[in-house]
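To keep things simple, chains are lettered A, B and C as they appear, and every chain counts its residues starting from 1.
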Amino acid sequence: MSGAASFLALAGRRIAASLLLLVGASFLIYFTIRSAPGDAVDAITPMGTPPEIKEKLAAEFGLDQGVLGGYGVWLSRSATGDFGESLVFAPGQTVMEVAGPAFEKTLLLSGGALFATVVLSILLALLLGEPSARQQGLTGALYFITSAPGFVSAVVFSAAVNAGVQRFVEQAGHETPAWYPIPIYSDSIVPYFFAGFVLVMGDGLLMDTFNAVRAEILGVRGAQFISAVRARGASVTPHLWLNLAIPIFSAFVSRLPVVLGGVVIVEYVFTLDGAGYLLLEASKQRDFPVVVGLSVLFTLAVIVVGLLSDVARSVIDQREVARDG
Amino acid sequence: MTAKWSDLGLRLSGAVVVAVMVVGLVALVIPYDPADAVSYDSLLNPPSAAHWLGTDGQGRDVLMRLVKGTEAFFLPGLMGGLIAVVLGGLAGAYTGYASGPLRSALVGLLQLVDTLPRLVFIILLCTIRNPSIPLIAVVAGLLFVPTVATVVRRKVEALASEDYILAHIAHGFTPARILLHHILWLQCWPLLVRQAAFVFGYVLFVETGLSYLGDYGVQEPDPSWGNMVAQVKDLAGAGAWPWLAPAVAIVVTIASFLAFGNLVARKGEEALR
Amino acid sequence: MSAEGRAPLVEARGVVKTYGGGLFRRQGVTRALDDVDLDIGVGEVVALIGESGSGKTTLGKVLLRLTSVDSGRVTFEGQDVFAAGAAALRQMRRRFQMVFQNQAANLHPKMTVREMMDESIRLHRPELDDAGRTALTSTLLERVGLSARADQRPASLSGGEKRRVGLARILATKPRLIVADEPTSGLDAAIKQQTITLLKHLKDADLAYLLISHDLGLVRKISERVVVMLKGRIIEDVPVERLGVSGTHHPYTLRLMQAAELLEDHAPSTEGEVTRAGAAAERVEVTSAGCVYAGDCALARRLGILSKCASERPQFVDVGERHRVACFGLTEPGRESNV
């Protein structure tokens, strides 16, 4: 009872701290906007923007006020999810209408890729077991391959797939698939799987996750209570996985920010219309409200992920206290 | 971890790191005019004695562009790493040792910066002001200050808990000398080497990534490993060398810098134990 | 508590130091030092004994301004330690030094013994040139018996040798007071003996020691005066020759001595058990104003003064030459049966 109460109190404190963090981080974003050289409105709008739109933007972003006052104006609007309207990318639509669905896609892609990474890491860890001299060559090579930046793996991967498909199509006389040649915009779901694969294999993610997951598995296996279960003659496996669930969840969420960084470029390479692609396109076209809205959404995602991994870690800590005491 | 493999890894990655450093320095003094290099007589040549890595779609020597392309990230990478390590080291030492409202404010600020998604923030910055790679490298270095500060702070706190700092104060050293010389310089160097190598790798990643995307990085005709890889879009399978060579160079360099940082740090920490 | 016949070196008056509390902390305030007075004379060797948590290490740190105090005053050679500015404090730090419990951990792993000596001498003897530093390094290493180890790094030194490096660095400052916190803990018997011999050997007429230890063997061998602490207060201050079951008076000191003799002689003794059994018999609310030992004190119960002990702070009573005890039991009739 008191455990649950203290857990709720802890979760409440963490949520409050996260909100504070969001306010602070959004101020850093706003401050960056205001640090633009010259007239801020000119800096953030494409050339030839009509004056009435400039005025509207200046009012929405509080550019006519001091930094703190302007931040207040902008924050009170943003807090309700109102990031303004898209200027160039999808004129007339609100930022949330444009960015919302794209962000969902990106979260799905990142989450899926990370989930696959964790599953792959668990399989690798079970397969390899304790680190040994014989594995060093293999893990070294894997480490090498997977530390490639996402866009490099994407380019190499696409070239290989394109060459393979070309040969297959020529030899067997099949029709070319809708997504050929990569990168090309298509409604097919296949490029998402390609992007997911590249995310798993790039940016050092796989080996990092693998090392963390293997350390957890070996740690729990060697723990005293597992030996006690074994001594009782009971099956160890359920205990093993029950105790691994939270550490692995923690490994999962704490790496999401890394994937969210990689996904921006990978989406662009595969022309998938997720948030990363949208961010880069909007940035190029100087669709400023969209860029800022997406920046806040990405920051929010990082903060929520941090909150989840904090709570997961505190659950682990509590259990460790309970086990030791 | 067996000594044999980690020694081999250290030697291999060390060789690459030294090679990148040497090439980076040499590239600074080699004259290169990208317009002069264009030669329509030798488009997309395969590797040969005259062009060791072949030529690209404009007949330019790939090896030469590879060498000259280091200019885009070499000094910026060193600068970013230096900024992250110096500011992060100072901030970590201060927040690990001091107490009071200034420390709390600094811890809060570091936490805020750590919350920003790095690449997204860099793109936001590129949208607002005309970006240059050095500016991006400075910002990347700043974005890594919290990471460095955290590892240094943990080290300082660990040393403080075993009376290391107090013993040195008792002996008559000033806190500044203890923190800067005894802790940061003598005890934290493995951590700092690892972080500097990591930030260098990150700057290389951002520079080549942005140059690949084409709008904010190094623009053609100036060479960058990133915009060389981007040639894949125009070649459409006509030749692999022009983009495969820089792609391999990027992977080898990033992997080597990360591995070198980790292995040197591990060795250093073993020696400190 | 004065150091008779000697010029005073350190005078601590009314030192109070608390831990915990704070604006949002829920745990109570611990009084690590509760109105403590202590004098150390020039060249005197004082031992500070008491169980862990009694505040003896904190007192040692306070004397050297290695931690802050809530109130009270400490002077060293007549100068107020806590009022000293940066320059004065730097001068002062050369004159008082501390040997830490885990001295070994404070040596830098990548520096040789000679380099570490050089660093200390540079810091504390800026007037010396290169040749002077080299000469002083050799002299000091010889004094601690480490001449042969000058070019070694800490990893190849034994625990005892690491402590001697610490001592040699400290001697470079020409200190007048060395506070040694558990200088022999964690050492095996032979090295312990070496360390004791070394501490005696290094002692000269001007150098005072404050020895923080619960090793009564060490305390007997080298100190002149023993100060007993319990829960942040000094309860007895006794010349070393009277240290023992027959010479000390405070019920807590007696219990310490009995326990020590039990260990040393392996002789069966029922007294200690009787004391403890008596302590458990009655429970009384001990206020922070009362004697810190009141809750466990068999003497107070036997004399029927427990309520007084639990609510009033006993003042020091002179019970002999240079021997003071803070205990109400000493002035009550009928105490002789216990002593």
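Just a few scattered comments:
We adopt the following convention: contacts are C-beta pairs under 8 Å (C-beta built on N, C-alpha and C of every residue); 3 or more make two chains touch, one makes a residue touch a chain.
On a predicted model such as this, the values are computed, not experimentally measured, just so you know.
Fewest steps needed to get from chain A to chain C, stepping only to touching chains, is 2.
When C-beta pairs in contact are tallied for every pair of chains, the largest tally goes to A-B.
Of all chains shown, the one whose average CA position lies nearest the global CA mean is B. When chain centres are set by their Cα atoms, the one at the greatest distance from chain A is C.
Centres computed as Cα averages put chain A at a distance of 57 Å from chain C.
Between the Cα centres of chain A and chain B there is a gap of 22 Å.
Measuring from the averaged C-alpha position of chain B to that of chain C gives a distance of 52 Å. Interface residues of chain A facing chain B in the complex, by the touch rule stated above, are 21, 24-25, 27-29, 32-33, 35-37, 43-44, 131, 133, 136-137, 140, 143-145, 147-149, 151-152, 155-156, 158-159, 162-163, 166, 181, 204, 257, 260-261, 264-265, 268, 279-280, 283-284, 286, 288, 291-292, 294-295, 298-299, 301-303, 306. Chain C meets chain B in the complex at residues 61, 64, 66, 90, 93-94, 97-98, 100-103, 105-106, 108-111, 120, 123-124, 169-170, 173.
Partner chain A is touched in their complex by these residues of chain B: 1-2, 4-5, 9, 108, 111-113, 115-121, 123-129, 205, 208-209, 212-213, 215, 229, 232, 236-237, 240, 243-244, 247, 250-251, 254-255, 258-259. Against chain C, the residues of chain B that register as touching in their complex are 162-164, 166-174, 182, 186-187, 271-273.
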